[in-house]
Structures are given as C-alpha cells and as structure tokens.
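Next, two complexes with chain A in common: one pairs it with chain B, the other with chain C.
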Partner chain A sequence: MKFKDAEHLLRMAFLFVAGLIVFVLLRNALVPRSFGQYGHYRGDALGEIKARPVAYAGHGTCETCHSDVLEVKDKGKHTHVACESCHGPLAKHADDPTAVQPEKLDTRVLCVRCHEANSAKPKSFPQVVSADHSAGLACNECHKPHTPVIEAEAKATGGKKK
Partner chain B sequence: MPTFEGFMYPNEIELQWSVLIVLYPFLTGLVAGAFILASLERVFRVEAVKPTYRLALLTALAFLLVAPLPLQLHLGHPERSLEMYLTPHRSSAMAMFGFVYLWYLMAVLVLEIWLDYRRDIVMLAQSSTGWRRLLYRVLTLGSYNISEAALDLDNRVGWIITVIGIPSAFLLHGYVGFIFGSIKANPWWSTPLMPVVFLFSAMVSGIAAVMLIYMVVSRIRRTPIDMRCVDAVAKYLFYTFIIDFTLEMLDLIHRIYESDESFRSLDFMVHTRLFLSQVILQILLGTVTPILLLAVTQVFKLSEAVRKRIYSLAGSLTLIGILAMRWNVVIGGQLFSKSFLGYTTYKMGLWAREGLATAIVLMLLPIFILWVLVKILPPWPEKEKGLLSHAASAGD
Partner chain C sequence: MNLSRRKFLILLPAAALAWESIKAGTPEAAPNYNVSQHWWAMLVDIEKCIGCGSCVRACQKENDVPDGYYRTWIERYRISEVDGVENIQVDSPDGGKNGFKPSNEQGLKEFFVPKMCNHCADSPCTQVCPVGATFASPDGVVLIDQKYCLGCRYCVQACPYGCRFIHPETNTAQKCTLCYHRITQGLTTACCEVCPTAARQLADLKNPKDPIHEYLRTHSVQVLKPHLATGAKLYYNGLDGAVR
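Now for the complex of A and B:
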C-alpha cells in the first residue's frame, strides 16, 4: 500500500482531529471555570445565590413588631402557617415598615391556593370546593384569616353550612 | 384541561411527552433499521439486496438528521441542549444521547457514505458545473485519487466501519428503548425487554421503509423493480417481523402471567383507551396482517404484480403498526396513574408547537432531505451511472 492511496483517508482523519480540537477548545472556552468544583454545577453559583437580596424576613422577624397578630394567630388553626406564606415576601417591609407597605390580599385567590379540594391531598386536610362553599364571596367575609375556624355563634348568625 | 377519571396525582393529569416524543423513537428506529439492512449487504455480502444498499444509507442519513428535531421542539430551552456536550452527565442516559447520536452520525453514517461514494464524488466533481462542482470538490477533500488501490482501501475501511456500525446502530436504538425500559417508576415501560423489542421493531420498520422507498423511487424513475432484490428484502422483513412479534408477545404473556399490582390497571387501559391504537392498529392491522401477507408470499408462488401489491400493502401496514407501537409505548405509558386508580386522556393540539401539524412536517422533512440527498448523491447501481451523470450534466 502506497501512501498516495491512503492520502484521502488521512485528510478525512485530519478533519476529524481538527473537529475534535475545535470541540476541546470550545469546551475550554465555554465551560465556566468553577464548574465541577463541588459537584455537577458551577461552584460560583453558590456565591451568586448567597449575594442575592433576602426576600423573606422569616416568622421570627414579623414577631418583633406584630406580636399582637401572632398572639391571635397562635390561638387558631393557622398557627403553623408562617406569616409570609400568606402575605408574601416582606423582608423589605421588615427593614423599613413605613416606606414599604404590604399589599392588600385578595382572599378569593389566596385561601383556595391551599384549601381548594383536590383528591391528591390527604383526607385529613381541610378542603372545600370553593364554588359551592363560598359562591364567589371573599373568604374573609366569614373567616378571620388569622383565626379561621368560625365559632359557634358566628355559625348561628351568618355562616352557611359548607 | 384534559379530562380524567378516577384518581390521578396532580402531575399526572397532563401528559408531558407529546406526539413528538412518539416520533422520535419512530425516526431513530427507521435509521437503525435502514442501516442494518444496508450492513447485511456489506458484511454478509448478500448480493440480492445490493440495489437498496446506497438508498438505505441515504435513508438512514435523512432520518437521522431529523431525529433530534422532535426533541428540540419539546424542550423549553432548545439552545441548552448543547450543554450536554460541554458538561456531560455520565449518570444520565438521556444526557448521553448527544454522544450516541454524534458518534453514529459522524463516525458511522457520514464516513461510510463518503467512502462508498468517493469514486462518484470525484467523477462528478470533474463532470458537473456551477455550484454542484464546488460542492463535489469540497466533498473530495481535495483528493482525486480513485486508483484501484485507493478504492480497494476505501472498500476495506468501509467494511470495518460497517462492522463497527452494526453495534452502533444497535446502541442508537437500543438506547432509545433503554430510556423507557429503565424508568422503574412506570410499569408500562420498565422491562429489560424494552431495548430488545425496540431494536427489532426498529429493524422491521427500517426494512419496510427502505423496501417501500425503493419501490416508489423505481416507479418515479420509471425503471423496472429488481424483483430478486425486493423478494429478498421482503423475506428479511418477514423473519425479523416474526422475531419482533415473538418478543412482543413474550412481553405480553410475561405481564399476564406475572399479573403484578399494575396489571389490572394496564389491562383495563388496553381494553379501553388504547384499544384502537394497540389492539386494532398495532397488533391486528400493523403486525398480524403484514406477517400473514408476507407469509403468503413465502408459501405460494405468486406473480410479480401480485407480489408487488402485497409488499406495498404489507410495508405500509408495517409502518403504521410500528408508529402505533411507539404511540402506545410513549402515550400509553402516561395515561394511567401511578396509583393504578385513574386514567387521563391525551389531547393532541393541531397547531401547537408539539401538535399534529408539527408532527406531519417532521415526518415529511426526512423525505424531502432524502430527495435532496438522492439528487446530490445518486444511489443507482453501476451500470446506470454513466447514463445518469450524463443526464445530470446535460440537464443542469
């Protein structure tokens, strides 16, 4: 076999090698430096996420100023539901309460997020079919958001049975 | 919101894998099948199927080029798919797809086609004009050596590539089956038989497709169909089909006999929501009928015209059957709840990104690509080539 007869094969091989080199170079240029530092992700991402402004203040922070609400809430069934799971992220408000006012909540949207009936939820969790249960009324027309269980006297006066 | 009955978990109500994910195994199956048919000729030197050799290679290439498109259209961020090359994740079969695909495309198909066509490319580079000349010149890589010795070398290297190519084709499609077979949370998919079943159904569909394409192309070119070739291809189709059918039945019988906790649910599904696509389309129309039709051609001596008709009918039914099989695997596997207490429905959009129209375009695209490939690299056998290159240079 003469070299001449294999020349085209070598050219093709050269193309493949060139492709491979381009790939390796591209990979070097494109893969972020810190990739794989800790695992299959960019190590720097941790720092970047840490540097992001805090959005949620946390239950303990609300407590320092709104202990009255907390006292009320702790008596009701929502005692284990954190303030910000209903009021949304309020770190900015906690830093400067007068400048940043929390938005008013629409209970028609808020409460069904957790309480709309769904067969996948555990049976023990309180659920309602909102269309039947409230017929478009806002939930806080009858329920107090912080102490949601309606007491017997309220039941007698206004609340219809579910 | 799709309708469902019984108990579904919220994340099961809507199907995540659409009709495009049905197309994907169908397309790669055609690729693997067509390639394996071509390899038969090359490695086992089956002279009879030679007229389909190059056509099968080009068919494989045309379908392979389109195969990743349904996946891309399914992704919310298609551009991110390239990251599987940059930061490969070895513990995920899906993330390795890029390498399986690239290996098969570049190291097997493109190389094999190039080696096989090199003589034609060099000749066309000398005889054609205009942009075609430029294209062929690029394809020669600047080497015009088509001496006996050089071609002989090509032939030997090509043989090696084919030998590597067969396991690669198995890998490509076995891999697709593996993706489904390894999803242990889904009893409809999770079986080690899946890759094998996928492989054989791939061969069945690929062989049927090449047979049909060969007959249609001959018709368009007004050249007589080489019956010896079609007979041989049909015989292969028959045998592979029997193996494929046996495997699928084995899977079925195994499930029925095992009757594990998922069985009642799956059985119910097959008798209701999947009845049309599984029992009627896939098994009766798409498997049993073509096998019987092909059996008839093997047992009785039939005239050429009748055989041609039977082959066309059997081939078309086969393709429908295999497409239905992909549908039943992909869509069927998402219709029931993991609780085995509920069933949902799949609503295919028409103009949606993953809808019917897209699926049809993706099915036609490979045919169009094949047409272009055939124009650039005519696959006709030696004796007609002189005629053809003559016609091509006169025509353009």
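Now for the complex of A and C:
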C-alpha cells in the first residue's frame, strides 16, 4: 500500500531541519569562541582576570633602586618584612618614581599594628604595651624601623638582638 | 574563482591554522606563563600569625574590595575549658582589618586564623554554577568570569568556607582570585607580600623546587573541613581542632 499524504512528513522534516539550522547558527553566534577552550567556561576570562594592574609592586621591584635600604634592613630583625608591608602599595611609585611619592609614615600608628601586646599573639613575637612602653613618644625616637634594635644595645650585644 | 584541486589542498592547512587562531581568541596578557606548569596552593602557619590585619588591608587595596566585604579575613579564637567542656568564642572585627583589641580574660587558649578561598580542587562552588561563570583554572585557581556571572548566589551558598560574596555594585559573585594577575607575572599574592611574619606563603605544587614539598613532609599540616573532601589547597600548620 502506498503511503498517502507523505507531504505532511516532508513538511515536518523540513521544519525540523530548519529549526536545527537556526539552532546551530544561533549557538555559533551566541557562544563565545573561547568557551570550552580549557573546560566548561570562557577561556578568555583567564586573560581578562590576568590583565588587572598590580597595586603592590613587590619587594623585588623596590630593591632594584633602594639597595641602600636593603643593606640596612638585612642587618636587623625586619629583614623579612617586605617594604610595602609598612609603606603601602607603591606600584605607581615604581612606574613613575618622581611623580608618585610614598606617604610619610607615623610610627605610633604603624608599629603598634604588629607589636601591641595581645595574648592571642605567639609568645615568641616581640610585644609591648605601647602606653607603658614609650610614654607617648613616637617609636622612631629610639628604634629605627629598618633596623629596630636600639644602637647602644646593639653595640653591647654585638649585632642582632635576640 | 578558478582554483585547482592542488591549490585548494595546499590552502586547506593554512585555513585550518587561521580558524584555530580565531577560535583561540586574543593572546593572553602574560605570554610566558604556561597554565599547565603550575598548581597553586597556599600555606598558612597559625603559629606565626600575629593578627595584624596587613593581609586584609593589602587584599582590599590590591583588588578594590568594597568596605565591609572581605576576600580574606582573620578570625581570633578564644577557647576556655571548664570541666572538659570547651567554650569557643570567635571574633573578627572588620575582618581583622585593624587588628584585634587585647582581651582581658586570662587563661584562655587564643590564636588567630587567617581565612580565604581554599581554591579547592573539587570545589562545590564551581559545580553549582548554572552558566559556567565560575571554574577552576588549569593551574588550580578557582576564578569567576565577571562577564558571565548572573549573580544568582548559588555559589555563595555552596561554598562551605563562606568565602564568596555578591559585590554591591556589580551584583556579581566575587572572591579571592589568589591574585591571579600577580602570580601569573611571577609575583606573590598581595597578602603574602605584606605578611610581616611570613605566616602566609604562596606555593606552587607543580614546581619541584618549591619549599612547600619539604614543609608538607616535615609538618603536621591540615586543611579546613577535610570530611567534605573538597580538595582544599589552603594548608594550615598548627590548626586547632576547634577551628571550623
């Protein structure tokens, strides 16, 4: 028996194929080219996240110009403290050293951030109750921040203070 | 156009190469960085953390994190014990950004715990994203595609460590990127850079020369919530059992 009305089927097939073509074209246009490059995400996102400018230049950058400070710092206990830990983010200063200058720091604010006594701090970490310790004097009246040991004491103990 | 079969076959590989370069998109910002040669992690030594908040401040400045939101923060644990029952108090004023006021209570067990994204290898947050906006990069960093994120908050709920938030202006999910823009340039993260006691250290587990391997071998190192099997890569030395 010959199947009548095959036209219906053809029409349906045509609609299906047309729908498929529209889907493939739309998908091609809408899905970003880099989607799936590494996984189920846009591969270009990695590049975009990478492109953010840095704010902290890193101590390696500081040391290329400020080797004199590095020498002083190496003699004391602050040798492992990075420059920008106290001086703040200075990538802009590294890009243009004359136009952007680091702020002057207030040691009364700066030093107590780390050295104010707190029972939760490790016992081996040097701590003081700043109100009792300095009687309102700025820390850098006695301690030079780059080599914090007091010089007279340093001479007596012969270098690094334990 | 009169194109012989021979010429057509010669042109075919060139066309394929061109198509590949179109598909690959724009070249990445750091051309010498190879994603397949790194597997990033971080090491936190609780015995060295002094709770100064330098890392929190540096993170906010480096990544423009809005006030009141934290990609990394410090918690202070204060644990008292009476008749074998532990009472655990945790505080984190302003995420520990301005340090911690000394407590007057005596005889407590006290310590600081810096926290941030654990950059899990099998992270729950990336699995729930309905649009493929958050993902673990080939070098082991969990990142968010800010152009693709819908702000649906699924990932915020899925993170067992509470490391994600919705940015109040962009309305997209944000979190620690492990300073991806820095580590791909050979710099360390902002928090590790400024940490005065080296309590935080960036580690590359695929680099055989990284001191992390020796450290993991010789120390009792733990991750947070290991029972969740998230493959967390934020390793803690000296972690107390009370920390959640």
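By definition in this document, the second predicted complex is superposed on the first by the 103 of 162 C-alpha atoms of A that agree within 3 Å, B and C clash if a C-alpha of one lies under 4 Å from a C-alpha of the other, contacts with A are read in each partner's own complex, and residues count from 1 in each chain.
Just so we're on the same page, a residue touches a chain if its C-beta (ideal position, glycine included) is under 8 Å from a C-beta of that chain, and two chains touch if they have at least 3 such contacts.
Being a predicted model, the structure only gives us computed values, none of them experimental.
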Message = Contacts for A:L15 in the overlay, against chain B (first) and chain C (second): which applies, first, second, both or neither?
response = first
Task = Name the chain, either chain B or chain C, that contacts more residues of chain A.
result = C
Ask   = After lining up the shared chain so the two structures overlap, which partner does A:V31 touch, if you call chain B first and chain C second: first, second, both or neither?
value = first
Inquiry  = Looking at A:I150 after the superposition, I want to know if it touches chain B, chain C, both of them or none. Which is it: first, second, both, neither?
reply    = neither
Task = Using the superposition on chain A described above, determine whether A:G39 touches chain B (first), chain C (second), both, or neither.
result = second
Ask   = Thinking of the overlay built on chain A, is A:A55 touched by chain B (first), by chain C (second), by both, or by neither?
value = second
Task = For A:V128, select first, second, both or neither according to whether it touches chain B, chain C, the two together, or no partner.
result = neither
Request  = Go through the superposed model and pick first if A:S119 touches only chain B, second if only chain C, both, or neither.
outcome  = both
Inquiry  = According to the stated criteria, A:E7 is in contact with first (chain B), second (chain C), both, or neither; which is it?
reply    = first
Query = Which holds for A:V69: it touches chain B only (first), chain C only (second), both, or neither?
reply = neither
Interface residues of chain A shared between complexes with chain B and chain C = 35, 40, 118-120
Request  = Mind listing the chain A positions that touch chain B in their complex?
outcome  = 1-2, 4-9, 11-12, 15-16, 19, 23, 26-27, 30-31, 35-36, 40, 118-120
Ask   = If you look only at chain C, which of its residues touch chain A in the complex?
value = 22-30, 33, 35, 47-54, 58, 61-63, 76-78, 99-103, 106, 108, 110-112, 132-138, 143, 145-148, 177, 180-182, 184-185, 187-188, 190, 193-198
Ask   = Mind pulling up the chain B residues that touch chain A in the complex?
value = 7-10, 85-87, 89, 106, 111, 114, 118, 140-143, 145, 147, 149-150, 153-154, 157
Request  = Sort out for me which residues of chain A touch chain C in the complex.
outcome  = 33-35, 37-56, 58-60, 80-82, 84-85, 88-89, 113-114, 116-122, 125
